[in-house]
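Step one of this worksheet: look at the structure below.
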Amino acid sequence: MTRSAALWLVLGGIGYAILPWYLVEGLSPLSAKWWASYPFGNAGSGLFLGWSGDRWWLGPTFLPLLVGAALLVRGGRRPEDGRWLTWIGAAGLVWMVIAGFAIDHRNWTIDLFAEWFGPEKQAGMGYGAFATALAFLMVLAHGLAARGFCRSDAFVVSAIALVLGLVLLFVFFPIAQILVSAVEDNNGHFAPGIFFVKFFDRSVWGLDCVYSNLRCGVAWNTLFLAVVVGVGTTVLGLAFALIALRTRFQAKGVLRALTILPIITPPFVIGLALILLFGRSGAVTGLLFEWFDVPRTRWIYGFTGVFIAQMLAFTPIAFLVLIGVVQGISPSLEEASQTLRASRWTTFRTVSLPLMRPGLANAFLLGFVESMADFGNPLVLGGNYEVLSTKIFFAVVGAAHDQSRAAVLSIVLLTFTLGAFYAQYRWLGNRSYTTVTGKGDSGLPVPMPKRMAWLCYGTAIPWAMFTAVIYVVILVGGFVKTMGRDYTPTLQHYITGFGIEQTSRGLYFAGSAWDSLWTTIKVAAVAAPLTAIVGLLTAYLLARQRFVGKRSFEFITMLSFAIPGTVVGVSYILAFNVPPIEITGTGLILVICFIFRNMPVGVRAGIATMSQIDRSLDEASLTLGARSFTTVRRVILPLLRPAVVASLVYAFVRAMTAVSAIIFLVSAQYNMATAYIVGRVEAGEFGLAIAYSSVLIVVMLLAILVIQLLVGERRLGRRTAAAPVLQAAGG
Amino acid sequence: MLKHVLCIATLALIGLPTPSAKAQGEVTVYCSVLAEWCEVMRTEFERATNIKVQMTVKSAGETLAQIRAEATNPRGDIWWGGGGDQHLQAAELGLTEEYRSALLPKLHPWARQQAEQAKFRTVGIYAGTLGIVWNTEQLAKRNLPAPACWSDLVKPAYRDEIQMSNAATSGTSYTFLATLVQIMGEEPAFAYLRELHRNINQYPRSGAAPMRSVAQGESTMAVTWMFAAVAEAEAGFPVLNIAPCEGTGYEIGSQSIVKGARNLENAKKWYDFALSAPAQATGVRAKSYQIPSNVEAPLPPKTPRLNEVKLIDYDFAKFGSNDVRTRIIARWEKEIANLPR
Amino acid sequence: MTKPAAAVEFRSVTKRYGPVTAVNAVSFVIDPGTLVTLLGPSGCGKTTTLRLIAGLELASEGQILIGQRDVTKLSAADRDVSMVFQSYALFPHMTVAENVAYGPSVSGTPKAEAQAMAAEKLALVGLSGLEKRLPSELSGGQQQRVAVARALVLEPQVLLFDEPLSNLDAKLRRRVRDDIRELQQKLNLTVAYVTHDQEEALAVSDRIIVMSNAAIAQTGRPRDLYEAPNSVFVADFIGDANLLAAELLTRQGDLGRIRLGGLEITLPHRNVSTGAIRLAVRPESVLLDQRSPPGAIEGRITKAAYLGTHMEYTVASPVGDLFSIDHRTGAPYAVGTTVWITLAAHGAVVVPNA
């Protein structure tokens, strides 16, 4: 048996025999409660609770551990160890799952058992149960590795087992819970007929708008908006990218700043700013009315408003994807085209543009998916234009309280996003788009054709100015009494939210926003590194290892990205409010939710960067006696810095700006900034909402700086292609 | 780098997952009124009882969804505030606990009646009357007359000037539908709504949105709670409100004890406290101008008194039931919401 | 070297990737302290074989032993084997010294000691003084030597080379190849060396394993392979060969009478039965003359190229087009000249399994 397998067995033993098996509320290592009845009672260990008959179903868990102990005592390495370890791990896990799900906090989950065995109950998994389950999983992985799985690499098998276990538990399990409700009526009875009725409902798929002045189904609305936004952001993003890289445009720095801002802007804020400018009583509307007699209308509410807001919010993502791609196009290819007497325009059309195909597809896909998942903008600006994300939210919280309808609509949304992923996968196919090779490329990028350049300026510059105006509104909005009515400068909003009082006992954070701000920063700071670790580990497995079922593995890890936040939020409550995993109301559930929602970006960024790193580097490290873990730590991770930065930043920013998923998960102790802002917007305190948002923007900017300082630059001794970071952030 | 990250992660993790100390002196409150009022109530209750309050502020719809999802293992102890409609629904679903407070006799008849109808699974803490609100500046700009009755709203002059929330998602609008049905009868009510539809510029999904729009001048008029208009006027917005001449409905903002509450005794203490006159007087301090349910609580200034407006005899038992609600909302969605304008 | 060199043994090793068999039931032994080359065209399975030794791939079937120990199921990190990669695989974010000290440092050797070991090996490959550089600041040849130093630093039982010269220019290639051979003999290392360049293989190897289609075509000393190829493939792959149709007339002891066109020669028959056979004739054994010796075959020069040290001719003849090398560069034959062809005493061989 290897040393690490032995260590895991020992941990399993500790978890079972010493640590408190169940989650004990209010338990802290310092409290006297620990010792009151330990090792029995609430904080008792599995061993004592199981064999005293108190919680007899914990008893059998001992058997595999005993076998493990026997193996440990015997010592040495034998060929049959692998088989034993596999059995120990599998048996232990299977029993724990059965015992965990068979009994909840009230009674047996299967009535028949309650009759046979009499009533029993148990609390959620605590440190002991968690350690034991983890140990069994790792022992199983070590057993499989010893039997030759994944080139006998215990680290790789363990990593696969861990990621798979986590994803099944925190993505698949909750999602399955809510999707099941799609075929149930609202009383929990199985009713597949209702699914079809709700799925094919006219309000979902109706095409009335084509041939009458009625409205179309919400599915078509969503699809139409997403396609238009996807195309729009891609075109604008391309224009920005071309200006940044292929022209002598002077104010490129400003351009960059304008593309970062929307990414770190909390939801609602862009929509609010648009209303303050273009609403019926907005500043611009007022000017137009007074100067040109343009009537005040409500045109901003509906498709147009949502479209503009989403364009503002998501164009930067397209830009970041495309700038990497445009940068990556080898100038030699374009020069080759010109030597073949193609004009600049023909070169651009026939060589440059097709080479950008993967980038364009990626940018479109991201715009498409983001638009589908967007909740804040349609809520503020949607008017009577309904989209799936808000419809799902209100199916859950609205007066109708129709959870099964929410599930059905989620399936529609899921179908669209997964369909888009699949279409992109098919469209790109296996063609080679490799343009970054190890060889130096001495060619000079071809300047854009005149026509194209003017087109780019014509679209991008007005847009950039528009974005700038929006942010001026956001900045000013926090410092005036009532934006749109009363422009008296005031600090009142900041004092309400972030007041600090000097008291006799030191500083007192009196502002009403402090609590949620601290929680948000804390949760985001915990979630971001964990998200990056899980994401990059998954990327490493997908990019560097071969194993059975890799494609399904990849699919499952991408699943949580495609599921609307509201659905995730509700499904987390359904799944994790009862034993064996009972974590609602804690900060942990927020952290876990963020990890698995934002992990896919880390995965994509990691795969993209890793595919640029020669595989023989890992192999060289392996043949030099470094195990995979050491290899990852000392060779891959340092070379992966751009991806590390990208996934850390993304995870942090997303954790600070998420709304729909967490609205159900926040609790009294763990309130999040966005939930607070939503409350302010609902109560009409736009000033405070905007002030808080500005503070969040500053916090996120600081966080990005800190992340870059901590992670540092990748040292290659040559000029790096700067793109991957940004490209990865989007891809 | 990794070391740093791991350090931070572990440190923070250690601090995070320990569940809150549910000692004797705690109560978890789901609060569904304005955050300010929630805060004031929290402070007052803590001061009066020395019980620590864990408070979550969410809309009534969100709270009901949460209580439903948590039903098998409740996290909250008491749900305070929010439309009586949702509270009645929770009572009907068996999500809330029956409790007869000693203070019941001190309540207005409308509150007592609602509690009886709900078999004491909920109780009214305040009342809000439905009315018409408008932005005086916008009205003047368009040279429009001020409305006085529900019937005024269908005038062609008001085309595109009125906002009401989406009945499918907002309890406010459901109260409006139920009121109309009770005043006119169901068929005439729907005929009226069909006409009204032409004048509605938007059905926002949130119940609070129409009031916002009117205050900001984004919409000229709205159908919503009159006390909300009082608050906006206090905040300096040019907003007026009126109780329509045909009579109007009202909601009873309620509180309920969550079934399976972990701190049942403290929840009851909150329940009693919230029904007391001093507690109900806190609303005014937080710019919430609803009418308290305790007869001894002082009435907020400027809010129309219940006896000053023409109130209908709102049948909470009938229109609070799931079946009736689902049917009326479905009919509105089918026949009105998707009509061309 | 403190550790004695170890043997590598393959016992019927097979490696499959799904339906594709990359290595098919291969068995061989690499003796301790020898340099054995795995030679073959691309896709023949030679690199997979090398990676099987390294543990970068695990065998689907069969057994692999290194120094008598069964390592079939051991991962790369658990085998006492080092490898020099085609791309060198130097860690770009580490200096030369850090690269070389990587092996000892990940196995827990104290830092100072690891650095001393690295310095020693860098001195061995003649790179002292470049410790602080990054790999990207070195020339190709220097990078290659860093890779070798890094592989040597753990004094492995077996050292593997995967086409180590393919990224170097022709001049440097010869020198580095000699350096590798010298190092191997000086340190008495067991080396497995993959290349597709037969000249390189002939120059450095104690033995050569020629692979083709996932299997071993022939194993032997360089001279054996060149002079006695046992298949058309090997004859063609090791050096250039004219493969000609001939007839084995009679067998006498080890020798046989063979007719090639009008020419009759005596060669070892290598157990080929009488009748039609294949003859491999090295280009330098195809002798051209303008006079007509008895029995010579008549041919006509169709191509002639001057290569400094020798001439290369293509000659059209009744037995087929012949490729010939002639070291007399003084008065080359012009294209179209009629020449007479004979075979030298050495350099023609009967190919079995034709």
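The chains carry the letters A, B and C, assigned in the order they are written, with residues numbered from 1 in each.
Everything that follows uses one rule, which is that a residue touches a chain if its C-beta (ideal position, glycine included) is under 8 Å from a C-beta of that chain, and two chains touch if they have at least 3 such contacts.
Please read all numbers here as calculations on a predicted model, not as lab measurements.
Trainee: Measuring between mean CA coordinates, which chain is farthest from chain C?
Mentor: It is B whose centre lies farthest from that of chain C.
Trainee: Mind having a look at which chain is the central one, using mean CA positions?
Mentor: A
Trainee: In whole angstrom, how far does the Cα centroid of chain A sit from the Cα centroid of chain C?
Mentor: 52
Trainee: Starting from the mean Cα coordinates of chain A and chain B, work out the distance between those two points in Å.
Mentor: It comes to 34 Å between the two C-alpha centres.
Trainee: Chain B to chain C: how many Å between their CA centres?
Mentor: Chain centres of chain B and chain C, defined by C-alpha means, are spaced 86 Å apart.
Trainee: What part of chain C is in contact with chain A in the complex they form?
Mentor: Contacts found on chain C: 51, 54-58, 73-79, 81-83, 85-87, 89-93, 102-103, 106-107, 134-137, 150-151, 154, 160.
Trainee: Please name which positions on chain A make contact with chain C in the complex.
Mentor: Residues of chain A touching chain C: 146-148, 151-153, 614, 616-617, 619-628, 630, 634-635, 638-639, 714-718.
Trainee: Within their complex, state which residues of chain A touch chain B.
Mentor: 23, 25-28, 104-106, 203, 208, 212-215, 275, 279-281, 298, 301, 379, 382-384, 390, 394, 396-401, 403, 482, 484-486, 512, 522-523, 525-526, 529-530, 532-533, 570, 573-574, 577-578, 582-588, 591, 633, 637, 641, 644, 663-664, 666-669, 671, 679-680, 682-684, 710-712
Trainee: Where on chain B is chain A touching in the complex?
Mentor: Touching chain A from chain B are residues 1-2, 4-6, 8-9, 12-13, 15-23, 28-29, 34-35, 39, 54-59, 61-62, 64-66, 68-70, 72-73, 75, 85, 89, 138, 160, 166-171, 174, 201-206, 208, 211-212, 215-219, 232, 236-237, 325-326, 329, 333, 338-340.
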